[in-house]
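Sharing a structure here in structure tokens format.
Letters A, B and C mark the chains as written, and numbering starts fresh at 1 in each.
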Amino acid sequence: MAEITVRISSLSYHYPESTHGIEAMSLEIPQGETWGLIGPNGAGKSTLLLLLDGLLKPASGEIEIFGQSMRANGSVDAIRKRMGIVFQNADDQVFCPTVFDDVVFGPLNHGFTSDEAHDLAHEALSKVGLDGYEDRVPQHLSGGEKRRVAIATVLAMRPELILYDEPTTGLDPNGREELIDILGQTRCTQIIATHDFEMVLNVCDRVALMSQGRCVQTGSAEEILFNKALLEENDLVQPPWLPYLKSINGTES
Amino acid sequence: MHISDGILPASVLVAGFTVTAAWIGYTARKLDADDMPRVAVMSAAFFVASLIHVKTGTTSVHLLLHGLVGIVLGSQAMFAVLMGLTLQAMLLQHGGISTLGVNACIMGIPALLVGWTYRYFGTGKPSAFRVLLAGALTAGAVVLSALMACLALFSAGRDFQIVIGGFLATTIPIIFIEALVTGGAVSFLLKVKPEMLSCHTSTLRQSA
Amino acid sequence: MHPEIDRYAGLKSPIHSWDCGLKLPGFLLLMLVIATLDGLGTTAVSLGLAIYFLALSRISIGFVFSRLKWVLLFMVPLFVLLPLQYNFGTADGGWTWKSENLVLAFKITLRALAITLLIFPMLGTAPFHRSMKSLQDLGVPKVLIQTFLFTYRYLFVYLDQLRKMRIAMRSRGFQPGFNRNSFKVYGNMVGMLLFTSFEQTERLLNAMKSRGYDGNIRILYQPERDPLDWVKLMGMLMLATILFVGDHLWLK
């Protein structure tokens, strides 16, 4: 039995003057697995990610990451050193004058020496296929390249857990393919909030279906995504081509 | 509203840099890590304002927005003004390098006054009043900036009287434009994100 | 106009190879001295120097000319407004034309042009962020530089936003003019720009915090200097001194 990396128990969070939030949600994510978080807009996917990164404070309930409670004093900083979050819009994340400056930002903050940070940054850039982009200026990059820089900034911290908020949104087909490759090759626990079912089928071991702030069902990607009735009950539409993937997958296995 | 390179005497240039450096040095220590991106946002907005042109009959003028910078940033307004002006001078060759200090005073001091006055009288008042207050204060800020610019030009010599007159004439439409645009922006923000204009800089920090 | 001053940073020239930490003070000093010049001869020489440095930097002349528009726009009226005088207080009073002020307008234009032209070799010969980081060496407070670099980064995001908003407004038939409605639209536009950017700042701050931001931005920067960099600085100091002294001699 693998260790549990993320344990969420009866977690609640409410935005002021909004019906959205998280309602008594529980979920356990074992070490090394890649999870997809799916659900309609407003289901609480992004909110959950912000709570997991300690950027929002839960109203009630408990989050444990790496076996440490997020409520304990100083634990948020300790946990953050071991995890990273990739936001939906790379412009919110990549802010330094050059790609390299941005990628070393995290390692330097987390107390690595200049030399170590230097090596980590180069390693992260090559993982996302951006060798040679060190001196490029972020505002001149394409959307896909910016997103990959954003992922490199997180990988450079050697995280054991990465959260992604809609990583494929707004990318062209090529950019999306490259991103899926990167996600598939990353070896650590990953949680991906997304509407992109095809990507979920490609990279996710397990899926948590969220609706109205709760986790409605968990299961393998196939179990959830091929269950048309379950998706429709939760205001999601199964893309019409999805069943064909099932038959292709079926013949393969 | 600014004075170009090559016009003012050295003493005025030095005085401008001294006043600006003193104020920036004084407030830099109070600039919080959490405030830094916020100030940067307003600096960028102030810069971008110079690229928004408004037609006034035959010619066009660009927006200043120093009143709005004052309203949003209060004591830190001078930062945003200085950065915006520096970027304008460096990237667009608009304004001047040697006159940066003087121009920062011309734009920044009225912005600071607007910020303080808006906070003093506007706190807790209904939206309509705050919009009017913002518009009126901004009009005042434009007039004050214009007068300070005239004072600086006057130091360049008596022969500048007609230049000063011409400059004042172009200022008149700007007073109205700035007051209405800033009033409009404040009214918009009071509707969609009132905490941005609430009179405490720390509100955003609490919500983040 | 795209605010991209460092488009020619990739070229090679004696100015490109000069370390920013010494190049910036050198050029800034020269600019400030030029701003104080008063003799016609020395002012003309300073413009010659500026053109020389510009040629040395190999920055495209067309690029420079396209950016001199503002400077010239401000200078042209001076040739009319400066000589034109109105005599207050004298009995005959009225308007007079003081031709010697044409020289004054001419000197102002020369100075402004010289200083503006020097911006290009100063900032156009290195990536902008490197020039700005080197200001830290000159004792400019770190927090200022960081905020400045932030501003620079966000500028491009806003310009993009502004462009999109303009297109959206035009597609819905907005015709800007000098009337209340136009100003209201501009007000909303500015409000919207600030609103979206503030929301973005909140997200940005979140992203920074999650990467361990605690108020200090740590950036790797090592200036690379060789003796030649110092020689260039000394040369610049000498030029500035010669101009300054020459100006005082000229005025005598």
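The rule we apply is simple: a residue touches a chain if its C-beta (ideal position, glycine included) is under 8 Å from a C-beta of that chain, and two chains touch if they have at least 3 such contacts.
Worth saying up front: this structure is predicted, and the values here are computed from it rather than measured.
Taken as a contact graph, with one node per protein chain and an edge wherever two chains touch, the assembly forms an open path, each chain linked only to its neighbours along a line.
Using CA-based centroids throughout, the chain positioned farthest away from subunit B is A. Taking each chain's centre as the mean of its C-alpha atoms, subunit B lies 18 Å from subunit C.
If you average the Cα atoms of subunit A and of subunit B, the two centres end up 42 Å apart. Each chain gets one centre point, the mean of its Cα atoms, and the points for subunit A and subunit C are 42 Å apart.
For subunit B, residues that reach two or more other chains under the stated contact definition are 208. Shown for subunit A are the residues in touch with two or more other chains, namely 55. In subunit C, 150, 152, 154, 157, 200, 204, 206, 208, 213-214 are the positions where the chain touches two or more neighbouring chains simultaneously.
Contacts from subunit B toward subunit C in the complex involve residues 4-10, 13, 24-25, 28, 31-34, 36-45, 47-49, 51-52, 54-57, 63, 65, 68, 72, 79, 83-84, 86-87, 89-94, 96-99, 157, 159-163, 166, 173, 176-177, 180-189, 192-193, 196, 204, 207-208. Interface residues of subunit C facing subunit B in the complex, by the touch rule stated above, are 1, 3-5, 28, 31-32, 34-36, 67-68, 70-71, 74-75, 77-78, 81-82, 84-86, 98, 101, 104, 107-116, 119, 123, 141, 143-144, 146-148, 150-152, 154-155, 157-159, 162, 176-178, 180, 182-195, 197-202, 204-206, 208, 213-216. Interface of subunit A with subunit C (complex): residues 50, 53-55, 77, 80-81, 84-85, 87, 89, 91-93, 95-98, 100-101, 104-106, 108-110, 114, 117-118, 135, 137-139, 153-154, 157. Taken in their complex, subunit C has these residues touching subunit A: 127-129, 132, 149-150, 152-154, 156-157, 200, 203-204, 206-214, 217-220.
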